[in-house]
Structures are given as structure tokens and as C-alpha cells.
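Notes for the one structure printed next.
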Amino acid sequence: MFRHQKELQFEVKVERPDPLFARQVQEVLGGQFGEMTVMMQYLFQGFNCRGDEKYKDMLMDIGTEEIGHVEMLCALISQLLDGAKPEDQEQAAKDPVTAAIMGGINPQHLLVSGLGGLPTSSNGVPWNGSYIVASGNLLADMRSNLHAESQGRLQVARLYHMTQDESVRATLRKMLARDRYHQYQWMAAIQELEEKNGVVVPASFPPEAEQESQPEAFEFWNLSEGEESSEGLWATGSAPDGTGSYVYISNPVAKGQIYNAKIPATELHHDLDHKTSDK
Amino acid sequence: MFRHQKELQFEVKVERPDPLFARQVQEVLGGQFGEMTVMMQYLFQGFNCRGDEKYKDMLMDIGTEEIGHVEMLCALISQLLDGAKPEDQEQAAKDPVTAAIMGGINPQHLLVSGLGGLPTSSNGVPWNGSYIVASGNLLADMRSNLHAESQGRLQVARLYHMTQDESVRATLRKMLARDRYHQYQWMAAIQELEEKNGVVVPASFPPEAEQESQPEAFEFWNLSEGEESSEGLWATGSAPDGTGSYVYISNPVAKGQIYNAKIPATELHHDLDHKTSDK
Amino acid sequence: MFRHQKELQFEVKVERPDPLFARQVQEVLGGQFGEMTVMMQYLFQGFNCRGDEKYKDMLMDIGTEEIGHVEMLCALISQLLDGAKPEDQEQAAKDPVTAAIMGGINPQHLLVSGLGGLPTSSNGVPWNGSYIVASGNLLADMRSNLHAESQGRLQVARLYHMTQDESVRATLRKMLARDRYHQYQWMAAIQELEEKNGVVVPASFPPEAEQESQPEAFEFWNLSEGEESSEGLWATGSAPDGTGSYVYISNPVAKGQIYNAKIPATELHHDLDHKTSDK
Amino acid sequence: MFRHQKELQFEVKVERPDPLFARQVQEVLGGQFGEMTVMMQYLFQGFNCRGDEKYKDMLMDIGTEEIGHVEMLCALISQLLDGAKPEDQEQAAKDPVTAAIMGGINPQHLLVSGLGGLPTSSNGVPWNGSYIVASGNLLADMRSNLHAESQGRLQVARLYHMTQDESVRATLRKMLARDRYHQYQWMAAIQELEEKNGVVVPASFPPEAEQESQPEAFEFWNLSEGEESSEGLWATGSAPDGTGSYVYISNPVAKGQIYNAKIPATELHHDLDHKTSDK
Amino acid sequence: MFRHQKELQFEVKVERPDPLFARQVQEVLGGQFGEMTVMMQYLFQGFNCRGDEKYKDMLMDIGTEEIGHVEMLCALISQLLDGAKPEDQEQAAKDPVTAAIMGGINPQHLLVSGLGGLPTSSNGVPWNGSYIVASGNLLADMRSNLHAESQGRLQVARLYHMTQDESVRATLRKMLARDRYHQYQWMAAIQELEEKNGVVVPASFPPEAEQESQPEAFEFWNLSEGEESSEGLWATGSAPDGTGSYVYISNPVAKGQIYNAKIPATELHHDLDHKTSDK
Amino acid sequence: MFRHQKELQFEVKVERPDPLFARQVQEVLGGQFGEMTVMMQYLFQGFNCRGDEKYKDMLMDIGTEEIGHVEMLCALISQLLDGAKPEDQEQAAKDPVTAAIMGGINPQHLLVSGLGGLPTSSNGVPWNGSYIVASGNLLADMRSNLHAESQGRLQVARLYHMTQDESVRATLRKMLARDRYHQYQWMAAIQELEEKNGVVVPASFPPEAEQESQPEAFEFWNLSEGEESSEGLWATGSAPDGTGSYVYISNPVAKGQIYNAKIPATELHHDLDHKTSDK
């Protein structure tokens, strides 16, 4: 069960409204890697966690923090939109800068939300559940979490340069700092799990079952012209679990058959070899 | 520019058709972490790569390999569906097992694709472009790649137990082996990049800009009851880049204001403080 | 079966083209609460209606009217786009206002529809079937209808202020007037149904089955800090069906268990308690 | 800012696993009117609320409660899936009932979530942001809230009959009771707002602007054959705000023009009146 | 403006309910090529038609007919679902055939629509506006119409074999007959347009602008191993407009540059050549 | 299996960056009829092809070519975005033209892709699998292919007029030329198939099964007022397969019943004829 307190986690202020920037901030609220994503991802991972109280508690801690980040971003967008009104469009005919703002504003900020944050990206695409993952495998999921915080911080960093509003920037700096720490945090959790189970997800698939395929397991197939890719650790190193060394295959040869599918039943109406009197 | 050869990368056979399993295999073809995802993700990362020939070439190598994996899965699904036909449903009334198969089959395998693979998940949801990421930041993207291969291998491992067909299992083992290697590979690339730029994405955001927020940057906020989360490295360790140590905040206090949004213009029709003669 | 006549239900004219406004009008054509939504919602409710000839006929009357509203909005958007052409963008380099219009225009109005209305929102998101509801329960559905007309009229009212074109405004006023009446109409239908069945949806769930839960049924749980919410009728009043009085719980206490999920089978590869030789 | 406590709001238990029912329960978790919808809808309405502290607080109270309902449903689904495993499918060949279960199970419960709740409907369609509304107009939004609780309770009531598991039913009864109260609650809020502002949304659109359209404002257009619709209050009554009486138009006449769109510029390539040398 | 009459266009009856088949029929109601698609596609093409009264009238004739087909399919699905009820699932434990039906039924037919048709595909994916096209170019659009009727008739033909219910089959035969005629009809319209404008869409793009590219315009590039493709008319014939002959390029050579993208500004945070003190 | 070479199929250059145009080019990359669509459509048709080696090879030839077209468009968009940076927005306050560009730019080109192509339309809607079709019936699918190339060429032709950049136009001309040839090519394949099987899809549905419905099979129903539609070949001609002549029905009469659905079981909670004690 959850509780809410009225204070925001961090202060959220703007020096002046900026509806164009409000549209762009939507990306880190309701886009692929926005705060709605990390909020729902950590909560679902926490709700579905089986048998790892420490990790479950951690997921619930951070998931709960992220609900508050969605709240903060709505407060930011509301302030960036303060004072906007439909009539502004009428002024646009006379003033090119107003025209540009009205051209660039998210029309749904006026028409749909009445100056509030929307559960959508900067292009107005609704947030959806396929942005998140909660697979039950903690290592797999925490790799996703590390990735989500990486993309999230990258987008906030890019946003930062799109405004000179020092109050807005102060809020973005808080987000950058939290996203930095959250990257550290998932790295720490990943390190723990890799030390326990090994680095390959899933660890529990029976290695003997995979054995016959081992020859290809360490091959890098050079399927794009040029061999610049031969210079990386993936081509010259060895598996972190010591089970083998990588082989760079400069001229890979296909090992499968030429597949020819069977003719299906007539009732599927592929019209193959069909004798017709139509023509 | 691309070229195609007729042989599949690996042999793809089945001992007997299994339309129920064909539906489930769709998850690793057109689901969130299916082969369409890694194919499109690596290709877009490669196409958009700026200034890193070695990584661009590697991305193109693997992206090109993955197109062939989509091809292999279509060959697998086609064979699992071989011989299925609409009339089977008529038999269902007499035979409970057939009834169960017809209940569990993906109706679009009969009606829409005529026994072919579909660009959809196991629940028939079409693959979409928001499953992938190509941000321009290589470290961020390779974390996504490592994650995608982790989820992909996890799903294939789960699929493996849902069939006893040894020919199918042989194909799945090839996929497991490749997914294992691809995890190694992205780990190697990540290691290279972290050594060069540090572990935080993006590395290039000016640290001094973030400075004022540093106090919170290392705090773990215990927002879910219980302190099990205090036992992890994220709560007791220090930043891998040596810039500070983590602090566990047992009873976090909100630092922001209580935010009250302004009353908007009448033309937005919030109907606040509106005097009406309607009633 | 349906028939079409060539006249529009109401006159639709514009004084001058306005491609920026055309983009915004898309919201009330193909957005969440646009005319496509009420058209498809009323038609599906009518098609699926079971056992209520009067309501079925009414739903078909209004659903049929709404097809004509989609037609009217396409006529409006076509006129707002009249004369726009791809070359306009070339002029933009010289003229900031033209630049702003080209920046704000929906590119699909040029590229995809060739100056026609699109089945999408103002942000270009395609209309989809999850915008509508036809549940078979008339009271539930008519509450949705009242709501849809409320949002629809709100959006048209906001649009009204974004143009000074008196011909456009005349059309919008017709829509405002119809949406006003349609709100009255659904209120009237709701009143009839509530008088017959009571105010709770569904009415037919056996009250005795619900009995053991009655204690909580009338409690308002104060889960957000502050007790401003205690001042409303929901906290101090009683059920309209006279079955009880509301209770404001200032400090709610959770009544459930701490849930710990079971460890799943190894074949799901959660990798819990897994002993590995990987590392 | 939010906080979490470990206890569930109400006890959630099952007598025995039932993976088929787990799939169906997804509808009230991640479907159009599931708990994710009311949670996100109330939170966004609360976050975006302008100038109504009492309503904002109420929205935050209930929105926060609903996060806990998502948590409860995940706990329910986890228990319904307990013990399921991929190998079950192998048993299906021998046992028709198992076959039926494997045919009816959501494959993503095994492959994607590893026995946890998914942010999707009963058909596996991801939850998305267009399920919710937060328009800034409180009366409009609360009509949506009343509707959402009506559909939600209807679906839970239907679900109730699909299981005989008394522990599951006890949880569903709690949900039915809360949904009953939440319907009362939104009705009470609606009553307050209608008394203040009148019943039409939005109340603040200038009535004089609408005046010229008044003739049609009270007409019911009989556009579907048959006059059963003439018997309702909507055809014979008068506006609740006393501004007029309804008129039933048996044979409505279109009042608009026959619209003929203009020929567009050649550069749009409609190919009208095009002289070609192609043929 | 539209009108509705109560009779269905054709009689729609079933001999006995069949909820499994009801799910499958959804494909031709709300799937990619279902009746909702042709209805909305023809209506939008008609609404947006510019300057071709004959075609506009034809589009409106058929679009209006298709609204009635959606109505017919809802009547069919309702009858196929008649008598289904949530309790059936309880019987499933005892009876494998009932179990199979409950496993294969669309859960939303019980939970969401209460035994009515849904605006979704056979897999429950909501219909959406990107299924349709109305481009303004009549020849392009009528090619889409011919295609839609081809896929539609194909799917109905496949459905036909999935039932032995003679009443259902009678309805499907009507649909097959109409879809046959509609294919003829679009072929006739296409023939007219091609005779007038030539066969290439768009006809009006200035041929001289395209000239410099003519060399490649008639080349078939053999990019997949094997030369079976050299045997078709596309490789050996000549353009229907007599402007040239096709050339089969057995070993195509790329004609473009190796593209290396520029390093972007630091503020985009690609982290290229970044010197960091993080590590 | 596939291979990649570094050269682009054709040269792709720009004279100067144009971020506004980059947004518009997205339509032909990731929109409904963009290159991602033809690439995935031809590949899936090729992968799923049963029993037609010549067609399978042709599909693979062209599908493989189209992967290279996606590559070319990403190279085009990257160059159009070269040099754009977040700070540009800051300049916007001073310079109306820059303001207009920032208003019209796709914010995800800065925030999400870091100046690369996105798998989305010009409005930012992600590409999805329901844009494509691979039905197993070659004639049906090739009609789709002809249509896709028609829409694709139409959109490129419209784009062509939106830029004066001669280098960009050179690339667009290559695309126009290829799309012209691809239209010829699918026409040739269609001609072959129609000569073999007849013009109706599917050809193999037993004609005798359809017989009883033949009366309506050749009727044009005039359901929209006005008889302009009587002047086309569809109303006056005869079936290309010689099986009958078309009949124009000026005043069509419905042939079906008035359908009244049955009252459903109480457990579906339609609340019909429900006696309640609620009120």
C-alpha cells in the first residue's frame, strides 16, 4: 500500500513559461525512457519479485521514488505552460515569434490537458506498457534498469542545453544527479548478481544441453564488408567465464539448408497450381 | 547495400508440426525482445553511427546476421504450421485434444498469413519501432544490446522446455549459443567504452554543472518500509569512479515545495470560480 | 443498412485557409474524443444492443448523425487546407511567418492525405478501437457517452478561441450546440436507467455476495497527506440508495498480508539460488 | 512524494492456481478499464489540478489507493500462476484438460514475465496512455471517473462468475465494494460541481456565442428508421437548466450545402485532368 | 448526411452458437483487412475526394454499403456468442471440450463487450486508423481498394472452411460474392484511370525531372543468390508505356559512396573522443 | 543469410542541412508506406513463400534491395540533421526563422536519436508490423506491393517539391525511378498470375459454393444519393472472366431481417429487466 505527501521530492520552479520547451520535456515524462517508464518498470519488477527480499525492497524503494518524479515533471510542465491560452494563436498572424511558438507547441497541451502534463512522448505518442520489462530474472531486468537510466540521463542532458532558464536547469541537474546515482546503483546490483550466478543470462540453462553448439558459440561472423570489427575485445578476447576464446570468421559460410516450404492445403487458398475457368 | 544467399545460417528442422508451439515461437520473432528487435536495433545503430568505424562495422556485422535469424524463425514457424488447415476446427467437436489445439492456435496463422510467420508477438501484437533504440551514445546503446540479448536468451531458454521435438531443440540451442556469445560481445564492447569514457552515461555532461546537486547524488532513499535494501553494495559501497560514497537515508525528508498550480485563462474552460445561470 | 445524401447536416465554410488550424481540428476528428469516437461508439452500442428497442433506436439515430459529423469535419479540414502546396516550404526561408506555418503544419496533410482529413489526432496518432466502449450494460455505456460529449464539447470550446474566422466559428457553434444537447440527452437516459435499476453499475451483482465487504464499502481512505478531502459530500454524505453513510478514515491501516511470492520452477530461469560454474 | 508499506491494502489469497483465470484477470489490471487506468488517471488529474485544493487532495487520496490495487492484482496473478512451468505443455499431448489450459494460457505469462502480472489486457495488448484523461475541467473528468468505476465494477462482476475459488472471490468482493463506493464518491463530487456551475461542460463557454445555433440545440434527429426513440425523456423533456424543451424531428432535413472540394495544386499529384504521354 | 434503416442488407443467421468461431470472425470485422477497414477507407476517400464527382459518388455508395457490413458482422458475432456465460468456465474442469472452448474464447467477449462484436482483430488488437489510406490520388487509392477486397475475400474464404454451420456459411457466401464484385469494380475503375493517365502513380511527376535516373529505372537487381527471378516478365519484358525494356543485372554493383557521418556537437553527448576523469 | 557491403546503392548527398525537411523525410522511411514497409513486406513474403521458386527469388531480390534503401534514407536524414544542436533553441528567441525551425523540428531527432533516422513516421508514430502483409496468396500480396510502390512514389514526388536542394533532389529522383520500375515489375507479376489463375482472389474458392449468391454478385447498390456512379465501367460493363454483366440498382432494397439480439444470462450483468432494491 502507498501513501502520498504534499511536498515534491525536490523543488521545481521556472523563471518564465516556455510552451515549446514543455513539449520537449514530455519526452522524459511519457517517452520510451521517460519517468513513467522507470516508475512502472521498477514497480512491476518489485510487485512480481519472487524470493529476494533485499532486491524486492530496493525495487520498491526506487519505484516509489519514481512516482514522485512523474509528479515533479507534471509540476514542471504545468509551470512551463502557465499563461498559455488558445487566443495566442490569433496573435501569431502579427508576430513571427509567436507564430513559431504556436507552430511548435503541442496542440494537446491546449486542447486535451488544459495546460497539464500528458502521458505521452514529445511527439504525442501515448506511453505504453511495452516500454517496460519485468521478466523474473533479476540480472536481465537490472541490465534493463541500468540501460533505462543511461538513456534517461542522456535525454535530460540534451534537454539541459535547450533552455537557459536557471530554475529549470536546477531541476534538471537534480534529475541528472539522481540518474547518475541510479546508474551506480544498478551497476552495484549487477555486480552482486554476476558474482553469484555468472555473467550469462540465464545462468540456469543446462550447459550440457548447449554443448553441441559450442563451436559457433565463440565465433564472430564478419557479415559486413571490411574487417574493422576484428579489432575489438569481442574478436580477440575470451569469455569472462573462461570457457573459451573468441574466433573471428572473416569469410563465414552458411551452415543451414536451402529451405523450401511445403505446398499447403487447398483450403488455405494460396492458389498454387490452381486450374481455373475464370479466364 | 545488402545481398542474400539461399542457405540459412543454421539448419532449421522439425520432427513434427506443432501449431500451438508456433504461436509461442512468435514471441522470439516479433515480440518486444524478438529477432526483429535486435535486427532493427543493430541496423539502425549501425546506419546512424557517427565517427567510430570499428563499432559501426561491428554493428553492421551483427545486424546483418540478425536479418538471417528472422529468416530462420520464419522457416521454423512455417514448418511447425505445415499441414494445418481450417477444417481442423471441424474435427475439434469430436476430439478434445484437437479442440484444445484449435483453441490455442493463433487464428492469424490460418486467416492472415496462410501458415507463415507474422511480424507480431505470441499474443498477436504487431512489432513496433518503439522496441528499439539508437541514441548515438554508444555506451548507452550497447547496454541496451546486452539487455536485449539477455531477455532474448531467457525467452528462448523458456521456450526450450515447451517442446520435446529434438530438431526444434537443436535450432533453439544454436540460438542460445549465439545469444550467449552476443552477451559476451556486448560486455566486451561496454568494457572498452567504460575504460575510455567512464561508467556514467553520458560522460560528457559538464561535471561542474551538476555539482550543486552532489549531496543527493549518492543517497539511497528508503521510501518503501523495511530496510532490507540497506544490505546491498548500492547502499554501502562507493562510486566506481571514486567520486564519493553512498549514503543510506532511512527516513528521507522531501526537499521540495508544495506545488499549487495557477488558475488558467477562462478560455481554457476549467470552469473554476465560474458563475453560471445554468442552474 | 445505411444510406447517404449529398448535403452536409450543417453548412461548413471557411473565410480563408489556415493549415495550422487544420492540424488542430484533427483532434476533434480523430483524437481520443473526436467525432470518430462518438460515431463508432454509438454504432457499436447500437449494433450490440440486446433487448431494449427504445435505446437501440436512439443509439442508431445518434450514431448515424455522427457519421455525418465526421463528414462535416473532413469538409472543414479540406477547406482549411485549400491551396496549400509543397512549394510553400521553399518560401519559408524568406518569410518567417510562412516558416512558422510550415513548421507547425501536419506534414501528413501534404504527404499522406493530399489536403484531406486524416483518421488521426492533432499529433498524428491514428484513431484506434480502444477509444470506444460498448459493454452491453446500458447505464455504464451511457455514462461513457455523457463523458465523451463533455470532453468533446470542451475541446471544441477551446478550439473556438484559436480562430477568428467567423465561418469556422459558425460551424463550431453548431457543434457546441449539438454537444450541449447530446449531454442533456445522455443525462435524460441515465436518469431513466437509474430510476429503474439504481445508481450502481452493475445493479444485478448479488448484494448478499458483497456483504462481507460492507465495512470498507463506505470508507474514504485518506492516503494523501492533508485532510482537505474530508470536506466533500463523498466524506460526509450517505449512499444515494440509502444503504449506508460514508466514513472518513484519517489514518488508514492496511488490512492485507505482506505477500511473498513462491520460488518458481527452475525451468523459468529466474536464476534464484543457482549454483553456477560460470565464474 | 510517495511512500510504500509492505502490507497489501486487503488480503489476497487463492485456494489453488488457475493460469487460465490469470489471463482473464489481466483485463482488470492492464485493460482499458483496469486498475492501471484508474491509478494513472487519478494521479494525472491530481498532479495537473489547478486551484481546487479539496479536489486535488481527494484525487491524490484515491490515486494513491489505486497504486495499491495494481499491487494487489499482481499478487493475485502471481498466485494464480504459482507452479506453472513450461514443461506443462509436454503433458498436454496426453491430457486434454492440460492441453486446454496450455491452449488458453497467456504465453507471455511463461515467456515474458516468468509468472508475474503484465501491463497488458487479457488479450496481451499493452496498456497505453490514451486510456486516461485529465482535461483540467473537473466535471468532465469526474464523469470519466464515474464511468471508469462503472466499467471496472462490471468487469469484476463478470470475472467473479468465472471462478469458484472462494479466496479469489473474497478479493474480488473487496474490489466490488470499493468500486461501488468509488461510484458513490464520484457521483457526490459531480453533484457538488453541477450545483455550482450547471450541468453542461464546459459551463464557461459564452452562451451568447452559441445563441444563433439554439434552434438545433434542442432537436432530436430521427435518422434511424422507426420512432421508438421518441419515447424517452430526451425526446419529450426539457433541459435541466430550464433553457428550453426538446423537439423530436421525425423527418430531419439536411441544412448544409453539397460540398465540392477544390482541385489542388499539381504538385500534390492528384493526377486530375492530367495529360500524359505514358500510354 | 446519413440515414439508417432497420433491416440488415442480407440475412444473418446461425444454426448454433460457436464462441470459438466468434473470435475468429473478429478478424474480418476489426482486423487489418476487416469490414471496418473498407468502410472507413471508402468513406475517407469519398469525403476527401476533389474534383471527380463520378468517383466520389461511387466511393460514397460503397462506403455506405460497408457500414452495413460492419452491422451484419456484429449481428453474426452476437449470435455466435448467444448463450455464452462466465460460469461456463466452471464446467471446464469437468469437460475437456468445454475447457478447450473456454481456453480458445476471446475473454473480452465475456468481460468487455458482454457478447457483442469488438472493434478489434481475432487477437484482440484494436482497429486503428493506419489500416486505411486516402491519398487524394485516385489510382493509388483504388489499387489499395482492389488489394483490400482481395485480402478480405481471401480471409472470408479461409473462415468458410472453419465452420460447418450452413446458416453461417450462407452469410459468408454473400460476403464472398460481394467481395468478388467489388474486386471487379475496382479493376474497372483502375482500367478507366490507367487509360486516362497512364499506369504509373503519380502520372504528373515531371518526366524530364526523372530523366537522369533513367538508366537504373529499368534494371532488375539480382541481389539474392540464384537467377530464378530472371524468368519473369519483369526481367524480360518492356514497360507498358513503351518507354523502355527491362534489363536483368546478374551481378549488380553499388553506385553510391561509403557514407561516414560527421561527429556531432558535444551537447548531443555522443561521448566520442571524450576525455574524462571519471575513471 | 545476408551480407552487407559498405557502399550505398546510390549516392546520397545534401547541399546543406535542413532539419525541418529531415522530419518530413521520416514519412518515407518509417511511415505507413515508407521503405521500412516495403523492406519488411517483401522479406516476409519471401521468407514465407511456398512452392514458387521464381517468385520467392524475386521477392528476396527486391526485399534485399529495400534494406539498402532504409540505409540510404538514414544517410539522408543524418546529413539533413548535420550540425543541429540543442542550443539552437536558445537562438530562437532572437531570430524568428530559427524559432520556426525549432518549432517544426522533430524533437526526437535531438533528444532520442542524436541526429539519426528514427523508425517512425513524420509525426513520430513508430513503424509497426500491421503496415505489412504476407498472406501466402501471391496475387493478393502483389496487388499490395503494387499499391505500396504507388503510395511510396506519390509521397516521394510530393517531398520533391518541398526542397530546392539539388543533391537531395538527385537522391529523390533515384527513388522515383526505382519506384516507377517497381510498379512495372509488380504489374508484370500480376499479369502472369492473373493469366494463370484468373483475376479474382482467391481463385480456388469453389465457385459452386458461391452460386446461390450470384444474383447480388453483379449488382452495384446506389446507396448514396445521386446517380453519377452509374456512368462507370463498374456499372455498365461485364466481369472480365465473362461470367456475367453488372447491374446498377438505383433504389436498393434491404434483403435481411431486422435483427433483435437475445437477452443474455444474468451473470453478464446487462441489468435488463432487473429488479433492484437499490433505490
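By written order: A, B, C, D, E and F. Residues from 1 in each chain.
The rule is short, and it goes like this: contacts are C-beta pairs under 8 Å (C-beta built on N, C-alpha and C of every residue); 3 or more make two chains touch, one makes a residue touch a chain.
Note that the structure is predicted; figures quoted are calculated from it, not measured.
Student: Once the contact rule is applied, which chains count as partners of both subunit A and subunit E?
Tutor: B, C, D, F
Student: Quick one: which chains contact subunit B and subunit E both?
Tutor: Expected: A, C, D, F.
Student: If you take the mean of the Cα atoms for each chain, which one ends up farthest from subunit A?
Tutor: Here the answer is chain E, farthest from subunit A.
Student: Farthest chain from subunit B, going by mean C-alpha coordinates, please.
Tutor: C
Student: Looking only at C-beta pairs that count as contacts, which pair of chains has more of them, D-F or A-B?
Tutor: Higher C-beta contact count between the two pairs: A-B.
Student: Distance between subunit D and subunit E based on Cα centroids, please, to the nearest Å.
Tutor: 28
Student: Based only on mean CA positions, could you tell me how far subunit E sits from subunit F in angstrom?
Tutor: 9
Student: Which residues of subunit D are in contact with two or more other chains?
Tutor: Residues 1-9, 32, 48, 50, 53, 60-61, 63-65, 75, 78, 85-87, 96, 99-100, 103-104, 110, 112, 114-115, 120, 123-126, 128, 130, 133, 135-137, 139, 154, 157-158, 160-161, 199-202, 204-205, 223-224, 226, 240, 254, 256, 261-262, 264, 267-270 of subunit D touch two or more partner chains.
Student: Assign the assembly's chain-to-chain touch graph to one of these shapes: line, ring, star, complete, other.
Tutor: If you draw each chain as a dot and join those that touch, every dot ends up joined to every other.
Student: So in the complex, the part of subunit E that touches subunit C is made up of which residues?
Tutor: 1-5, 7-9, 30, 36, 40, 43-44, 47-48, 50, 60-61, 63-65, 67-68, 70-71, 74-75, 78, 112-120, 126-130, 132-137
Student: For a test of understanding, state which residues of subunit F touch subunit D in their complex under the given definition.
Tutor: 154, 157-158, 161, 267-269
Student: What residues of subunit F sit close enough to touch subunit E in their complex?
Tutor: 5-13, 32-33, 46, 53-58, 60-65, 72, 75, 78-79, 82-83, 85-87, 110, 114-115, 125, 128, 130-131, 133, 135, 137, 139-140, 143-144, 146-147, 150-151, 153-154, 157, 160, 169-170, 173-174, 176-178, 180-181, 183-189, 191-192, 199-202, 204-205, 209-210, 212-214, 216-224, 226-229, 231-234, 237, 239-240, 246, 254-259, 261-262, 264-265, 267-270
Student: Mind listing the subunit A positions that touch subunit F in their complex?
Tutor: 20-21, 23-24, 27-28, 31-32, 96-97, 99-105, 121-125, 155, 158-164, 223-226, 254, 256, 260-264, 266, 268-274, 276-279
Student: Enumerate the contact residues on subunit C facing subunit F in the complex.
Tutor: Contact set of subunit C toward subunit F: 1-6, 48-53, 85-87, 89-90, 92-93, 96, 99-100, 102-104, 106-108, 110-112, 114, 120, 123-126, 136-139, 193-205, 207, 240-241, 243.
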